[in-house]
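Here's the structure, in structure tokens; my notes come after.
When the chains are written out, they are named A, B, C and D in that same order, and each has its own residue count from 1.
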């Protein structure tokens, strides 16, 4: 497995990508801290701290952007600067692409877990169900990676692909109604609930916390289904592009 | 006026910029109104954020000039750095004025409740210049425009959040409320509040004055000539 | 001196700290939002000072703004520390004392305020003295450099003069030897040759024998003369390239490969003197600073130049500033119309090139 | 007349001395090649000479003025071709030129004429209305040069104008440099490429560690190190040439035969080559001759033991 020998370096690249770390780790940490300061002592109707909800949203929201580094590496290694070198190298490029994707996702999940740890042990909030939350984080991060890979493969201009991935992230946050309420009609309702991975995963964690496991699994599985579908799409477009 | 003219031309040069510069304010017009908060429609509450983004986007030209060596070239030309800077800033300001005008006029045409449109326009203008000055100071620290932009994005988010544009300040604990005052975004939010509830013109003048003070400070900080 | 030790940074750092403190004080106190404008003014003035060199009287603006805010909140009293610092930092600390009046006006216990003022005064005065000293040192260093360059120029002239003297001496010595050879050997040898020629024509054996005796005597004398002349002229110490080889051979610390090529006899003695000094300096340098195990020494005479190259296989990056030894060697090389260059980028490398005189 | 001169100029970055009491004169009408390895102080020298950086000590004069050498009047006579390709990628070639012409105070018809002239000069007239984004490296470099020509500078500084371009464009640029010289422009030319300097420069200044270590015409510099000539002959019958006879010719140091090629190393001097050639011709016909003469690169290497260019550059 020649691809395996590259994984160490993929990981190193991710860890040393300081700008990425700044945006996906430091910024959320600062924001969590600020939110915890702002919302300290406030509770919602059920008596849970308001901050819990926010922290959950934040952790999952940042997963939406987790695919960007995967995208950059893929573009750099397989489509632009390193393209020729990789092309003549005697190893399986599809597997390499996949390994970048997997490690990018794992890294993103790790960042998410760091955020959870930070909010629990420093900011003093309590995560009800770690395993279930991490599962959802993983789903979100994989989804984001897949979406980004699809963008990279489908759109010729990388800059445009980058913009699209930002729109994917910001768009779903907006559609979830986190900035301001969305207009009330069927399309926006759907995109603000079952058509939105962010709301779905938030809903799944929330339902899991309330003990409503049927609902929780339903919502999580919708995300999973989206992942499976998009994964197939990704393989089709990816093969086309890698040839 | 060569530099002014060409800065305008370059700002509208690329398609993405064109879309960004025209669509962003137009989109703002169509944002819905909030229920309890904010009193202004969301688009008008959040237009400050857009101004901040537009400002850093526009000032990219300066950082590009620096990276490409145009500044070096100009420093050998019979022209002072002050001219270069002022004409650039003037061009950006013209663009921002246009955007503000689009937002206000569009809102009036669409029948959005803007309370005191003229005051709102003034506030936007003042804040535009503050945003430009901040962006100018910001890019003077960086060499790479992408990094400058990305880091600034997170900074904007924090400023906006802590300054009370995204969440009402009343929710904040005392300490946060006091820290908020340091940020220019707080004064912008104050201004928005005044547009809705304010009566005393002197207060509004004061708010604008503070924004102009910020502008001066950041202009001074950002006006250093850097070659690389 | 490292750049973070520059007094300007120190001053700006203090200004920043000061503003930071005022902001902190403002946040922690119970002051109205609009009072923050005072701080903004102070920040503006300070940033102007950072960017431009404002005149000392501009502190009146700070003081005035603070004064306006006296009735409203305590930060304005602490704000006076800024003008105090600025004045002290410009050496006008007596004027700075004026602002201590604020202590008596303050409507609150002013012990901490006093402390703060004194601190500002002290730091300001300290940076004043610091920058003054630094200025002075810089001037002094510049003067010294200038003086050194002038000295070096004089040295070049002297060395050139010395070189011409050496050249003269060599010529004179050559002339002396020529004359000696001519005077003594020449006469005897000519005499002997003539006697031999005569010998061919002489019939009488006695006469012939006498002539041969004469030839023998003359040749003997000229041999003696020759031996003496040569003996006087031959130096006992190793000279020229041998000397260089000798130096390289007896160098203990690293193993040295010595190579020479070209017509080394054309190299004048004063060249050898410089080359030997260069080699010694280079080897000392290698021994002292390098982790090298091997060194290569090449002496090449080719066409119109002689070139000495010393290169070691060390890996330690050496500092760029040449020591005084190397500097004076550089001067000497330059005075001979050649050049000496040293680099520490990739092991130690010394190259000395000297022009050879055309054959007269 | 001196166009530009530096006297005892000292420039420090903190403790690091970048220019160490530099003395330098550039006279009207000459092309001065400025050489030096990376970090020798070339860029600092140009930046202080053009007033981008203030000098710590010393006197700089431009166009005979040392009181205020960087006045606008003087700057109008000065041109700089930057090391970076300092053009706008969003604007067309023509617009780029209009921008810089405007900065230099040209207006109206005259501006149009000068821009057209500059485009013509660098051979980009056909591409005038295209965006330089899609230009080749060489075309960008040429446009970069044109940007400094619209105001017809009397003194033009070219800082590595030919980095990373194709030979064709390079030749074009070198031709332009010669044309400029013929028009009476004084040039200061820095580059890593020796061949260029050898081709165009009338005088060469070599700097290292912030000091001028050698200056003179290309010929003078080469003569300081020229000591032997290496001549390679391609001959039809290498076997019958008596090598020992060649070796006996005065001045010949070494004769090497390999295949059909005979290499003769001899002392530099007139007539050597002639004598060798006549001997070779006696026995065989000569198919080709190749003589390696030392170049500036060798001068530099001999003086400092350093390569002028890092390997691979």
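Assorted remarks:
Please note the rule applied: a contact is a pair of C-beta atoms (placed from the backbone, for glycine too) under 8 Å apart; a residue touches a chain by one contact, two chains touch by 3 or more.
Quantities reported herein were computed from a predicted structural model and do not represent experimental measurements.
Chains that touch both chain C and chain D: B.
Located most centrally within the structure is D, per distance between chain CA means and the overall CA mean.
Just count the C-beta contacts per chain pair and the biggest one is B-D. Centre-to-centre separation of chain A and chain C, using mean CA positions: 60 Å. Per-chain CA centroids place chain A at a distance of 30 Å from chain B. Work out the mean CA point of chain A and of chain D, and you get 54 Å between them. Separating the centre of chain B from that of chain C, both taken as means of CA atoms, is a distance of 54 Å.
Residues of chain B in contact with at least two other chains: 175. Shown for chain C are the residues in touch with two or more other chains, of which there are none. Looking at chain D, one finds that none of its residues touch two or more other chains. By the document's touch criterion, interfaces exist between A-B, B-C, B-D, C-D.
Of all residues in chain D, only 47, 50-52, 72-73, 75-76, 78-80, 82-88, 90-91, 95, 98-100, 102-105, 147-148 touch chain B in the complex they form.
Interface of chain B with chain C (complex): residues 175, 178-179, 181-182, 186, 190, 206, 209-210, 213-214, 216-217, 220-221, 223-224. Against chain B, in their complex, chain A makes its touches with residues 19, 22-23, 27, 30-31, 34, 37-42, 159, 163, 179-183.
If you check the complex, the residues on chain C that touch chain B are 23, 26-28, 33-34, 36-37, 40-41, 43-44, 47-48, 50-51. Chain D meets chain C in the complex at residues 10, 14-15, 21, 57, 208-209, 213-214, 223-228, 267-268, 302-306.
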